[in-house]
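A single structure is presented below for examination.
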Amino acid sequence: MSVVTLTINDELVSAQEGETLLAVLHERGIDMPTLCHLEGLSERGGCRLCMVELEGSSRLQAACVTQVQEDMIVHTHSERLVKYRKMILELLFAERNHICAVCVMNGNCELQWEAAKIGMDHVRYEYLNPDLAMDASHERYVLDHNRCILCTRCVRVCDEIEGAHVWDVMGRGANSRVIIDLNQAWGTSQSCTSCGKCVQVCPTGALFDKGATVAEMEKQHNFLRWILDGREKNVWSYGK
Amino acid sequence: MSVKTSPPSRTRPRPAAEHPSGDPRFSLIDRTLKRFSFQQDALIEVLHTAQEAFGFLSDDLLIYVAHQLKLPLSWVYGVATFYHFFTLTPQGEHNCIVCMGTACYVKRAAEIVAALQQAYSVTAGETTRDGRLSLSTARCLGSCGLAPVLVLDGAVLPRETPESALERVRQQLMNATHNGAPQPATNGHAFEGEE
Amino acid sequence: MNRADLETMAQREVQRQQTFRCRILCCASTPCLSSGGSAVHDAIKDAIKEGGFDADFQAVATGCMGPCSRGPMITVQTSGGEDVIYEHVTPEASRQIVAHHAAASPAPVEYILPGDIPFFAKQKKVVLANSGFIDPERLEDYVARGGYTALGYALREMTPETVCREIIDSGLRGRGGAGYPTGLKWDMVRKARGDRKYVVANGDEGDPGAYMDRTLMESDPHRLLEGMAIAGYAVGADQGFLYVRGEYPIAAKRLERAIRAAERRGLLGSRVLDSNFNFRVDVRIGAGAFVCGEETALMASIMGMRGQPVPRPPYPAQSGLWEKPTLINNVETLGSIAPIIQHGAAWFAEIGTAKSKGTKIFALAGKVDTTGLIEVPMGITLREIVYDIGGGIPDGLDFKAAQTGGPSGGCIPAAHLDTPMDYESLRALGSIMGSGGLIIMDERSCMVDVAKFFMEFCMDESCGKCVPCRVGTVQMHHLLERITTGSATAQDLETLQDLCVMVKETSLCGLGQSAPNPVLSTIHYFLEEYMAHIRDHQCLAGVCTLDQAPITELALV
Amino acid sequence: MNKLRFATAWLGGCSGCHMSFLDLDEKLIDLAEKIELVYSPIADVKEFPEGVDVTLVEGAVANLDNLRLAQEIRARSRLVVSFGDCAVTGNVPSLRNKLGVDDLLTAVYHEGPGRHPTGGDAIMPRLLPKVLPLHQVIKVDAFLPGCPPDAERIWIAVSALLAGEPVVLEPSMRTFG
């Protein structure tokens, strides 16, 4: 693979051709907020947090779905971008009932942390306060729509890694919901293998282990690397 | 998403399993399945046929379609709920659609919707408790020259007012014999006036 | 069939038509059918039969004639005489009309619509040239008017490269809204590598208030198929998909029939017109999702998935349907192809302005005297459309604004009535050409309410994939709702504007990127109206309720 | 030295933020030297005074009394700080927002345990249709998130306010919850 040279925030950077811009930013240690992106899953480009400015292009681009190109000039933290990222996070907090204080993921939540990092300390939009259900019918896991940000990591991991495609999204727009099979109680699903991958990749408290209470839930994504290394490279590294 | 349907290839269709319920309407679905050689990309076409045959998409139907096309249930459910055309609940005996396209809006179709909603205690998109009338709104039926437009049991009625709309619906509910069984929904195919 | 057979077929049909002394063309397009067009058609057929005029008279069910609000329309063609157009025809009137033309009895003058009125005189029919003159269900009718000769010419006399060149030279731009040069798109797909390629005709006309594509599909389906086949030849595709909006069953039916008829005659399918070119077309019916007008969402829908867009690049030209190079063109764009090949790029480029060539179809609706479907040369002014073609604003009221581009467009105020209708001029005014919806509003329309109407539309139609569009449209709608109910503060207007700009710049697809346009455009031209709502609790048009107060004023009560 | 006129107020919240404030422990002594506490739930003052320099407001705006007090605070304070998650986001009190006010009262007082108020008296202030964060009702100058914000956060914020500087918290100091 050939190497391309690009400029990121006024610094010359070399990268492998075919890499996504987001991967390069991460390698360089540039902090890029993300929510729908998760290494090991296909990219969705839906949360719009990793938007960057490309010189010569009037449109902003999501770094997770943009491939690096020779002579690309990238700005990742302009005033405008930071302002938009804050607004997007505000929109997410206003959309459903994200009450951090009483959430199982308090302290470990990606949404909570992205907001803190960027300095989103209040929400200017009207809280929509939708009346949403919880599904605790599965013997080991719980689904709480109040905390879901529709990143679809659960849908993708179940489809791409587990191969069961239990999850999908129903409806559209603000009425979208993640669903199990025919929008049925999780405990009644015949396709679910109870592997728990969806729970582990969920960035918020929308999916958690039954029995976890406030601030007790922690998630780990290492298994994705482990599975993919095994599949792609026939390497099973038990370290870490 | 990585899962993909495959492009249509013109292979010989395989025979469809007979549906255990023996309901002849399933053969209509089977015909469409065969026409598209059980290709997964035909899902939307198959759902169209299923809804035309049964009036709405019950869980049973969705399961049948999912199994025939070898698609995950949640995929089929996700598609069926994404598109406005598909309905997962039974429709009323009579069907009244008020066009809310821009031209109709400018000519105050919202007042017609409000009048009907009030008169029949039903919100647009729902069916009355007694199952006699389904009221819905449409995103432009493309008859903008005739705005505001109403579609009552498949008949397009041009240049309506709240008063005339109420009268027409009243007439329609009175004239049609109340046979109890819900008639097949028109599936929004509002212009089947031809032929 | 080869080109000579095509020629024979055309001649035979022309001769057949000439045996009739009088052809009565009845509009069988949706609007006319809705106003009683089928009863009129039946009455004419009966009158012909009863009068024993079968040999002399022919009744033809045709596509749209244009002035839909004056329907049902009929046109009578007499050998040697001028065409006579009748409006608001009733079954009773149609008997009189037959009698008049049969025996020269007095004409029912009250139904005659003069053919030289500005509604017709100011138009230029290129794409709709056949519409209203042919029976869309008969291949022969289309062929008699020169149909499929362009395809035959392209296949025999041109290479794919020269076809693309011709389209580039014509200056044709996408009629779906964005106005991308069609020829360049073709050339990109032609050059793209792929063992299979696809052509998609986008007939998912979702703009509320627009029905150009439906009319074209219903009135002249073969023209669209011919355009698709030429496109297929030019880019190297052997499969086409025609994506028809679910609300248009008649269009879908006619297209299905047209495909079968064309396949039977060897004009589609394998070895088209005895050449080595194969081209199949399948119809796919949409199921009601505005977002499917976006090309990547449309492709998802064709592949049987939720109609959600995916980020571009890669563009469909490189990786589209099933990751193969795919050409997606709007139906109206493809409708312009055959005339360009037939008459040449130079002829087409003569029409219109320097940067916007050819004609554009508009669905003229709202508060004008004559509403309907019109095809005008690019660059005509809005004033000519409203006052000449449309006949002005009824009830002695004043023109307030014209809305173009539907939920993705904006409003043009009276001060800009003399703007030429072309891509650049409309964009400069903060609106877009769009697919061709043109809604005229008078002083009884409240512009804040109009903005809210479109925002509600976008909110309902947002696919939900990206956050700015999914939640941003809800919040923008909320803020507009507050303004129209009187519970907004000056701060809310600022929040709204900020949000508009963010959603426009960060949304994933065209739906979200353009959803704020109606708000931004109405704020730009009608700020005073917004302020009147917020500051004075007043809706000058008398539309909004304004029956609530800001929450902060509650405590003061 | 002129002492700053300092106030704290308690709207719809659990008073946990005030408890956390008291966790400043010995720092309270330092604070007492710099400020004059002119209004607070922990001081017996009935009327919110004029000419306050800094007011920390705990709790969401849930009823008409909260709304009136918030507006009074705004009119009479130079700097208003949303103190804790309830004031910043609505937090737990806002969980009732998905229910209508009438349904809520029925559920709590009629169907709930114990005696219910008969209504019609002036004891219970009228509930707002929705519980709102403070900044959606009045202009707020600084935000101090946390449920409750711990003493360290409070100290950093208060120190900045007393020094007349903007409140700047480290990312780990500004998480909700």
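Which chain is which? They are A, B, C and D, in the order written, and residues in each are numbered from 1.
As a convention for this text, a contact is a pair of C-beta atoms (placed from the backbone, for glycine too) under 8 Å apart; a residue touches a chain by one contact, two chains touch by 3 or more.
Every value quoted in this text rests on a predicted model; they were computed, and no experiment measured them.
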Of B-C and A-C, whichever chain pair has more C-beta contact pairs: B-C
Distance between the centres, which are taken as Cα means, of subunit C and subunit B, whole angstrom: 24
Distance from subunit C to subunit A - Cα centre to Cα centre, in angstrom: 40
Averaged-CA centre spacing for the pair subunit D and subunit C, given as whole angstrom: 57
Between subunit B and subunit D, centroid-to-centroid distance (C-alpha), Å: 52
Residue list for subunit A, restricted to those that touch at least two other chains: 124, 126, 169, 171-172
Touching two or more other chains - residues of subunit D: 136
Touching two or more other chains - residue numbers and ranges from subunit B: 1, 75, 78, 82
Pairs of chains satisfying the touch condition: A-B, A-C, A-D, B-C, C-D
List of subunit D residues in touch with subunit C within their complex: 64, 67-68, 71, 128, 132, 136-138
Residue ranges of subunit C in contact with subunit B within the complex: 28, 30-31, 33-35, 38, 67-69, 71, 196, 205-211, 214, 239, 246-250, 253, 282, 284-290, 301-308, 321-322, 324, 363, 365-367, 371-373, 403, 406, 437, 439, 441, 445, 453-454, 457, 461, 463
Interface residues, subunit C side, partner subunit D - complex: 551-552, 554-555
Touching residues (chain side subunit A, partner subunit C) in the complex: 44-48, 51, 59-60, 62, 65, 83-84, 87-88, 91-92, 94-95, 124-126, 128, 149-150, 169, 171-176
Subunit D residues touching subunit A - in the complex, by the definition given at the top: 82, 85, 88-92, 94-95, 97-99, 130, 133, 135-136, 140, 143, 145, 147, 169, 171-172, 174-177
